[in-house]
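What follows is a set of structures to go through.
Common to both upcoming complexes is subunit A, partnered first by subunit B, then by subunit C.
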Partner chain A sequence: MAKSNKPIVWGLFAAGGTVCAFVIPVMILITGVLLPLGLFGPPEASYESMTRIVSNPVVKIVLFGILFLALWHAAHRLRITVHDFGIRNDQLVARAVYGFAGLFSLIALVTLLSF
Partner chain B sequence: MSRNPYVREVPRTTWYMRNNRYIRYMLREVSCVFIGLYAASLTVGLVRLAQGDNEWTHYLNGISSPTGILFSLLAFGFACYHSITWFNVTPRAMRIPKGDGFVPGPAIVSAHYIIWAVVSLVFLLMMGVL
Partner chain C sequence: MSQRQITFEILRYDPETETEPRFQAYCVPCEEEWVVLDALNYIKDTLDGTLNYRWSCHMAVCGSCGMMINGEPMLSCKAFIRDLPAGTIKVEPLYHFPIERDLVVVLDDFMDKLESVKPYVIPKKQRPIEDGPYKQTPKQLHQYQQYSMCINCLLCYAACPQYGLTPEFIGPAALALTHRYNLDSRDKGRRQRQEVVATHEGVWECSFVGACSEVCPKDVDPAGAIQQMKIASTADWYLEHLMPWRRS
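For the complex of A and B:
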């Protein structure tokens, strides 16, 4: 049987979809709504508290896992959805979406390690 | 001589507009754009935080702008829609044997909703929001 990377691609998609379903809504609520509304205090205060939170090794690992899986899930689903919107250049689309996911995963990894 | 096969005209870019089911399908699929953009924006936030006080304040101003808040609210809506559609099909993805049959679908779906609520509460508690 021909070798295929489909199980890995779809496995990561499924893992990412599940993780996103559990954590992304509450994360958007916290970092996208409550943080800008000032629930963590003025910028100086939130700078201190957020730096303290992401310096925790467990938070680093969990946050990287979430970001990596969310980016991968989104990239793979977008690749399929773009086809549904009538764009048929799959090779180019795949490079673009996986490239985006890979780039931001790498940035997240390097940045988290720097704290 | 055979006739030309009948090919039904399907508009390539707007086919899903004919039917509410297709529109809901596309909305579900488009949720990935918001999840991806949110993950990317959170990554940028981490970079700004690592760069220092000043850059972090700039980032906060960005996400506090009307555009930033509007994006977050939209992304929140799409993320919830992703969760709901994802959990509602879990019985078809996992068949858990129990006795002579399987764990009934509604029990699997409910379990996912309960875990969703618990995970959300834990996140809010750990961030000191609740």
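For the complex of A and C:
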């Protein structure tokens, strides 16, 4: 029996799980709750300051990392869920879900670079 | 002591003479403090001596009395009848294993898998007897103790949907025991066991459903053991591929 190459996808999945558990709730809290509630000043002003923050290259890298890992995590989770439901066409499912994660990572990248 | 008449629907099957399993109903006068195994013994002793099932200790130690009770894998010596919902109790052999006779299943597949992971201490160097025993601190014992509580009852295999879908999967108990030896301070056999653990049929077939840990009567937590081995195997993979010169 040959050793599996699953660690490539699983390592990213595990990292994505950690990111999703710790970082995403904070991001939702900031962008989805605190910001609209005006905790960072009036919405117009906070948009300005947010875009300024996002235009920082380090922030771009961090944000892309978070988004990519979260998307990858979701894709892998979906692949496993489909497998658990007894759908055996794993290669096709894998291509579809990872392709989806890749596409949206690309969109995230392009969007981040446009700031 | 209060007695209750309870109907047991028990799967009967003799693969040598019958083409299909069937259910046979028995009405058993059950005592308040009985477990399902007591009812089976009553049937065997007084109603039908042809019923086959395994048991030995009657105290959740030997691991031989596992069966499906109302569709859940349980030790029949630990399944109190008063804790089950009122009504007929359905008893079947453990899911995912071939039936040998009635409630007795064929264990060969598990035995082969268990053997493949070398479930024994592999020391770095065999010490001569004069050198005395291998010593271990309580802390070192604590590292693996939980995983050493497994009684090979195989409830976890009956609960595991992945084992049901992919019979090649090494499965929860064998992997939990692998972890047990890997964590043992006296053991240096992890690399050898990785040959099985790191394959597709090893830890990677697991999708962390967690049913194994839920049904385990000994709180072994095979699911936890498998996730820990996935992390270690991932670290191995990156080391082997990114720093190939490290491989000795």
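Here, the second predicted complex is superposed on the first by the 98 of 115 C-alpha atoms of A that agree within 3 Å, B and C clash if a C-alpha of one lies under 4 Å from a C-alpha of the other, contacts with A are read in each partner's own complex, and residues count from 1 in each chain.
Convention: a contact is a pair of C-beta atoms (placed from the backbone, for glycine too) under 8 Å apart; a residue touches a chain by one contact, two chains touch by 3 or more.
Model, not experiment: these values are computed from the prediction.
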Touching partner for A:Ile107 - first (subunit B), second (subunit C), both, neither: first
First, second, both or neither for A:Phe22, with subunit B first and subunit C second: first
Partner chain(s) touched by A:His83 [first = subunit B, second = subunit C, both, neither]: second
Which superposed partner A:Met50 touches (first subunit B, second subunit C, both, neither): first
Contacts of A:His73 with subunit B and subunit C, given as first, second, both or neither: first
First (subunit B), second (subunit C), both or neither touched by A:Val58: neither
Partner chain(s) touched by A:Trp10 [first = subunit B, second = subunit C, both, neither]: second
Partner touching more residues of subunit A, whether subunit B or subunit C: B
Subunit B and subunit C contact sites that coincide on subunit A, given as residue numbers: 14, 80, 84, 86
Subunit A - residues contacting subunit B, complex: 14, 17-18, 20-37, 39, 43-44, 46-47, 50-51, 53-54, 63, 66-67, 70-71, 73-75, 77-78, 80-81, 84-86, 100-101, 104, 107-108, 111-112, 114-115
Residues of subunit A that touch subunit C when the two form their complex: 1-8, 10-11, 14, 80, 83-84, 86
Subunit B residues touching subunit A - in the complex, by the definition given at the top: 12-13, 16, 26, 29-30, 32-33, 35-36, 38-40, 42-43, 45-47, 49-50, 53, 56-57, 60, 63-64, 68-69, 71-73, 75-76, 79-80, 82-83, 86-87, 93, 112, 115-116, 119-120, 123-124, 127, 129
Subunit A contact footprint on subunit C (complex, rising order): 161, 165, 194-196, 198-202, 204, 207-209, 230-231, 233-234, 236-238
